[in-house]
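One structure coming up, written as structure tokens, with questions to follow.
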Amino acid sequence: MIELDFALNQLVIANRILANENVVDAYGHVSIRHPSKPERFFMAHMLAAPEMVERTDLVEYGLDGQPVSDGRTPSIERFIHSAIYEARPEVQSVVHAHAEDILPFGITDVPLRPVIHSGSFIGTNVPVWDIADNFGDTNLLVSNVAQGRDLARCLGNNNVALMRGHGFAAAARSLIDVVRLSVYLPRNARVQLAAMQIGKYKPLSDGEIAARAAGYKPYSEQTWRAWQYWANRAGCGPMLGKRPES
Amino acid sequence: MIELDFALNQLVIANRILANENVVDAYGHVSIRHPSKPERFFMAHMLAAPEMVERTDLVEYGLDGQPVSDGRTPSIERFIHSAIYEARPEVQSVVHAHAEDILPFGITDVPLRPVIHSGSFIGTNVPVWDIADNFGDTNLLVSNVAQGRDLARCLGNNNVALMRGHGFAAAARSLIDVVRLSVYLPRNARVQLAAMQIGKYKPLSDGEIAARAAGYKPYSEQTWRAWQYWANRAGCGPMLGKRPES
Amino acid sequence: MIELDFALNQLVIANRILANENVVDAYGHVSIRHPSKPERFFMAHMLAAPEMVERTDLVEYGLDGQPVSDGRTPSIERFIHSAIYEARPEVQSVVHAHAEDILPFGITDVPLRPVIHSGSFIGTNVPVWDIADNFGDTNLLVSNVAQGRDLARCLGNNNVALMRGHGFAAAARSLIDVVRLSVYLPRNARVQLAAMQIGKYKPLSDGEIAARAAGYKPYSEQTWRAWQYWANRAGCGPMLGKRPES
Amino acid sequence: MIELDFALNQLVIANRILANENVVDAYGHVSIRHPSKPERFFMAHMLAAPEMVERTDLVEYGLDGQPVSDGRTPSIERFIHSAIYEARPEVQSVVHAHAEDILPFGITDVPLRPVIHSGSFIGTNVPVWDIADNFGDTNLLVSNVAQGRDLARCLGNNNVALMRGHGFAAAARSLIDVVRLSVYLPRNARVQLAAMQIGKYKPLSDGEIAARAAGYKPYSEQTWRAWQYWANRAGCGPMLGKRPES
């Protein structure tokens, strides 16, 4: 149970970090797969905006997107998370957010590319999912299993998919991974957009993207440094606990 | 009377939210129609910048834009509000502000379009009102009944009108609606502007705009979540009260 | 002497407002003409960054730019102020700053134009002064009487001049006027720059600029509202004192 | 030893200033050469993000990039610092950071030029170093002596080099110099980028760059004013100590 305790605390911290770093606002969510029951995941209920999430706001869900014995209203878009956990057994954490600076790339034909080393984790290919392709005119929210699965199919084995006119969904092998990716994704987008305004830009090469991914460990000292930094800025320093073995 | 009490508290909160979210600065205002006397509305007097509005700063006005027995100097531009309440019986709340990021769309021929789901509430058509068309060279302020009515005519049945070289006026069926619209309007403008710099962009379809409007309720849990979040950020958490029945 | 007391307190507040609104940073300064001795003016000494200016940091200068019996190191660029007070007897207050968003207009051929109502006070014509025209290669600082006078000549009867690769100098009939102009100048520049990226823009007409200037009074309720708001944000609420008769 | 004490305190302050001014985030570092042993330098260990650096986090390194009897994990990229100190005996301080606004200039062919007086210290020529030129596909980090020396060669006698897809390295004759350069470098980049969007821009002339460099002294009152201002904003006012003789 200690592992679960630690994981849920980290999930509270992740909510606060994403809010403090402007990745989420009143909306947007982050989840983790249950560390010992892979067919379950945790995320906050509907009424808890990420900035205010407490440990007691976390709800356990099944891979069908339904809460496991919890009467509070679940988030409408929990199907983004359930469908990705269902399709990608190696994924341990998912973020969905509307970070403003990625939105232009979801409504134009310009592909988002990793152009800075901290953006390498978005990977070579960032697909754009348009809910209208298979579901016509909707309110753009991913509100059921079918829509979640369609998004997960578009995501494929990539790390992040943009959602047209809406936001992004990101998946990774650890909570720290997906938070890091989500924090640097908008920065990468801003740099690419600025570069496009002054000339031709050079993205990272596939070899560079691979070299960076190869060397990455979620609990290395180098990564923990960033996690600690973001947690401190978000006022969560005291909740951090000890760095797990890498 | 309890309904009026609640409504006026929410109006104080709305002032603080709009200031904290950078929609208004020293200038700009938000009003509500009197919940039981439709020929009256409330907004702060001239000397109260939105960030500092208290309950005692709220003044009751008639649809002619004149204060009802209140000796404090009224806001010059109260005619924006009175004219919209006069023309649109279903409107319960109005915002006028100078939010910077919408201003470029008021001085060019480029129409502002909803391009992100949170911007859907601006609607399909955002007209631009140029005070010079009917009033020549002015100080650009809407300073009398005739100018207010001219703006209201331009607004028509739309949710928001841009005002050339000046700002915007937004109208909605509830205070939460108009605050939400006003918070996301500048974000929508920023995303459209950025997208235009890199390529052709795809706005929301009319069907999507309609689907989003259809599902919206001012006091649903999903909406209250945002209201609560914004109020907390603005330091008004303790004033929130209980969520009304949806 | 009460008038001088009030004026010097307002000058301290102006320093803090300009810092808090990002018009000045470590550098930049604001001055006022002595209210009863027109051949004198006040501004802070060299070591006081605007954000930290106290009443005791204010130094009295003559129109030759020399301190009147004060041993502290004067600001190098005090000649901007002395030359403008010398050339323009009606000017009561001067700001020099490096506000970032106006800088692009100082190094290109694109004239800065008033495009929003709060920017009207920059006036129809904003000249650009290039120190290199008459002084060749310098460190760009206005370091002597001759350079100050050259800048004042370029400013002419306008309200603000851009200084190539450096910043701006603004002059007005009151301290509140020049602070207001300085706060909205960068906003006007940002809106013009954004508009230029999407299409042709429409600036304010000369008639509109005149209409706005005509109606402006430094101590009207409408203006005091902004002064009070900015002072409160800068933590100077308690220093404000009572609004003088308009 | 007092000189070393003073220098190390200033290095702590520099860490906090660079964090507070958004030059560094979780990553990035600043170092100083040992004031009396030129073959040594100091910078924080791996786990200390700049915002949180304390005096006890500083580690002494040799010019081979190896810590001098300190068991804590050193920063991977310490070789940037060691190689520059090795190649440039006059350099007393080095910064490496990923400041966002310079990144577009590292991935395009557009040279970064000094366009504002506070940016003059970047010098006439800002080379771009691409680690791929000599090392192929890497994780972009400067992880060994050879890579550090290659970067130092590209830097040459210039003050700053951009690193493609990564950040910049800056070198100067004093800590205050390199911090000032690092704070104004992103501002200069933003102004150039904005100017390029509206027209042809005029950079500082070589004579102007030289005139500014000639007049600069790290502990002059004018420079100390900025140092004091930045330190105060970063909450380090009480650590400042007395201004050394210029």
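A, B, C and D are the chain letters, set down in written order, and residue numbers restart from 1 in every chain.
Just so we're on the same page, contacts are C-beta pairs under 8 Å (C-beta built on N, C-alpha and C of every residue); 3 or more make two chains touch, one makes a residue touch a chain.
Please read these numbers as outputs of a predicted model, since none were measured by experiment.
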Item to complete: Check every other chain and keep only those touching both subunit B and subunit C; list them.
Response: none
Item to complete: Please state whether the interface between subunit A and subunit D is built from the same residues or different ones, using more than half shared residue numbers as the mark of same.
Response: different
Worksheet item: Taking each chain's centre as the mean of its CA atoms, which one is farthest from the centre of subunit A?
Response: C
Worksheet entry | Euclidean distance of C-alpha centroids - subunit A vs subunit C, Å | 46
Fill in: Length of the line joining the C-alpha centres of subunit C and subunit D, rounded to whole Å
33
Response to the item:
Residue ranges of subunit D touching at least 2 other chains are 197
Worksheet, complete the sentence: Checked against the stated definition, the touching pairs are A-B, A-D, B-C, C-D
Worksheet item: Which residues of subunit A touch subunit B in their complex?
Response: 25-27, 46-49, 51-52, 73, 76, 98, 100-101, 103-105, 107-110, 132, 136-141, 164-166, 193, 196-197
Worksheet item: For the complex, which residues does subunit C have touching subunit B?
Response: 115-118, 120, 187, 190-191, 194-195, 197-205, 207-208, 210-212, 214-215, 221-222, 224-226, 228-230, 232-233
